[in-house]
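Encoded as structure tokens, here's the structure I'll be asking about.
Chain nomenclature is as follows: A, B, C and D, assigned in order of appearance, with residue numbering initiated at 1 for each chain independently.
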Amino acid sequence: MDEPGTDRLETFSDGVFAIAATLLVLEFSATPGPHLGHELRRLWPSYLAYVTSFLTIGIIWMNHHHTVSFIGRVDRTFLFVNNLLLLTVAFLPFPTGLVGTSLQKHEGEQAAALAYAGTLVVMAGLHQVWWQYARRDRRLIADAAPDSALRAVDRAYWPGLPMYAAVLLVALFSPLAAVVLTFAIAAFYLPSAALFDR
Amino acid sequence: MDEPGTDRLETFSDGVFAIAATLLVLEFSATPGPHLGHELRRLWPSYLAYVTSFLTIGIIWMNHHHTVSFIGRVDRTFLFVNNLLLLTVAFLPFPTGLVGTSLQKHEGEQAAALAYAGTLVVMAGLHQVWWQYARRDRRLIADAAPDSALRAVDRAYWPGLPMYAAVLLVALFSPLAAVVLTFAIAAFYLPSAALFDR
Amino acid sequence: MDEPGTDRLETFSDGVFAIAATLLVLEFSATPGPHLGHELRRLWPSYLAYVTSFLTIGIIWMNHHHTVSFIGRVDRTFLFVNNLLLLTVAFLPFPTGLVGTSLQKHEGEQAAALAYAGTLVVMAGLHQVWWQYARRDRRLIADAAPDSALRAVDRAYWPGLPMYAAVLLVALFSPLAAVVLTFAIAAFYLPSAALFDR
Amino acid sequence: MDEPGTDRLETFSDGVFAIAATLLVLEFSATPGPHLGHELRRLWPSYLAYVTSFLTIGIIWMNHHHTVSFIGRVDRTFLFVNNLLLLTVAFLPFPTGLVGTSLQKHEGEQAAALAYAGTLVVMAGLHQVWWQYARRDRRLIADAAPDSALRAVDRAYWPGLPMYAAVLLVALFSPLAAVVLTFAIAAFYLPSAALFDR
């Protein structure tokens, strides 16, 4: 019996990312009535939160999937951290729904935005721990992975935590701005940095 | 580190399509009571909307899956457009539920049908952008893909946007007719055009 | 461009079966209160309906997966029938929830059981059409598939429709007996007949 | 037609594990209002139950995936037991939600904790039956699997049932302690014992 590889970790992770993104739609609700058109327009904060979280999960998943390709073996600590990371991702539909609904109702916006940003901070922190644990002294790195590829992942991963910490700070002053900033990170920063850095 | 291939994009996409289709069932609800039989028959617009959206997602997924086989590499713009396309597909259960419920209650039908048709228009538009971005000057096309296959995909994709724009127009006059037309497109047009054109 | 194979059909189908089975749990609900223990015991019809539908989907999925291995190519009619079959399977959580709730509340049991049995009849009928369409004159059968294997699938598939028609008949007299009979079919008949017949 | 292998069993199982874990998030709910921050802090038992069940499903899935690699063929009894195991795993979101809500409301905690622990006992029992059935006289074991690997799985599996029986006992006295103990098992015991024993 060899040291376990990354196959079973990848299948489980792939499933959780795709399902978490698709479950986001269940946070929408509207009651058909004579003013449905008006009600659907009033849902705009939920649309914003939905698009933001969907893009974020999509990009995080691609980063995870890409980085796993440099990992040659796993150990129990790594599996545990991976599961913690996945449960944070799978939790995202809950604060996403809260942010949308609270911005519509103008009630509880700050608490909702802090919960949302806090989840993203934990996610970015765990992703960093996940990578550093595997990468330190090439503990779990595949022999074939060149150092330059590892340094590219380093550069792609390190801004995650400070960026989402900034989102958390912004949420203290403007919940809406915090969501817009998260959207901008998912749309402009993440794809360029994490997947195409050389 | 090579240019990233399409594997990670495909796994994520496959998952989102299958989950979005299966989540459609959660839009049904009925309360068991002495008139349950009557209530279940009154749900017919929800059955129609369910079948229409399920078939549409199923066919779109097969087209996506088929077309990806001609794509040899991806870049950041393509990944971003792919994620936008997926989030539109994953959104479909929400307007599908609205269309079914509003047609039953005879309230808000037009707003619901416009939301439904609007989602389909955005989806068809993004699918077209997705394909044209990859295909222009064979930017992301695999070397082995023959031009005849690309032209077959062109012919299969171009009617999507005008067809769903027509659904949007019809929704202004008859919400029910808009859903029936969407059903007809999924049942009769899409399978023949997109997958078996030579 | 060759005639399309069964790969994309299988991935989509596998996802829908697994998701439909797992969504069944969402039909349960109970309100924590001082009598929660009593309430949880009163849910027994929902447990029975859950186990019955989960086993049924599990077995149908294995039959589908097994039979697909004899199919070498697909055409547009086959894809359409496959999608109809999948949307029937994905629909099952709705009548499963109705059957459980109505048997608890002693209201609307017959309508719920007829909806449940009716869904199973449609599913068995579509599965039969799906197979007969592929098998007639070996229209879509892989060259390597021996006739004896096809005859084994024939023998396994033909009793599905009459069995679920019997469930529908029983539902007219006893909704509970109809669910118990469906459970017995999933537990005793399907595994032996469909997968291990030679 | 050969004896069926484990491929179709694995695909279905992988899907169910990932979906069940990700559906756990749907048990959360909170209403945005002026006291949302307070309300979100009061949800701590739901967070605890969520993390506990997610980690448990993640680890059980890895054990299942790992053990299947030693199994070379399946029979109808094994498939049936595997489906029973999966339906128990897929059921876990329901008692997980109950435990969280009842600990918040201080009502029905014992019934909820007993339902939760009872589900885990059934799951551990079925996992043991699943393994013993395959392993007895190497009934379904692949020829290449060494006896030492089988003994490692034996050692990893046998404590499951007594551990969760202990959780059930503890639930009679302290529902909260039962959940904490389940968390400790998922965090500390399962990863070390089941996956890395030699």
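Quick notes on this structure:
Just so it is clear, a residue touches a chain if its C-beta (ideal position, glycine included) is under 8 Å from a C-beta of that chain, and two chains touch if they have at least 3 such contacts.
Since the model is a prediction, treat every value here as computed from it, not as a measurement.
A rotation of 90 degrees, rounded to a multiple of 5, brings the CA atoms of chain C into register with those of chain D.
The two sequence copies chain A and chain B touch through a face in which the numbers common to both fall below half of the numbers used overall. The greatest centre-to-centre gap from chain B, using C-alpha centroids, is found for D. Rounded to a whole number, the gap between the C-alpha centres of chain A and chain B is 25 angstrom. Chain geometry summary: the mean Cα position of chain B and that of chain D are 36 Å apart. Counting partner chains per residue, chain B shows two or more touched chains at residues 14-15, 19, 23, 26. Because contacts link each chain to exactly two others and close back on themselves, their graph is best described as a ring. Taken together, the chains touch in the following pairs: A-B, A-D, B-C, C-D.
For chain D in complex with chain A, the touching residues are 14-15, 17-19, 21-26, 28, 30, 32-37, 40, 50-51, 54-55, 58-59, 61-62, 65-66, 146, 148-149, 152, 187, 191-192, 195-196, 198.
The touching residues of chain D, counted against chain C in their complex, run 1, 4, 8-9, 11-12, 14-16, 19-20, 23, 26, 75-76, 79-80, 83-84, 86-87, 90-94, 98, 101-102, 105, 107-112, 114-115.
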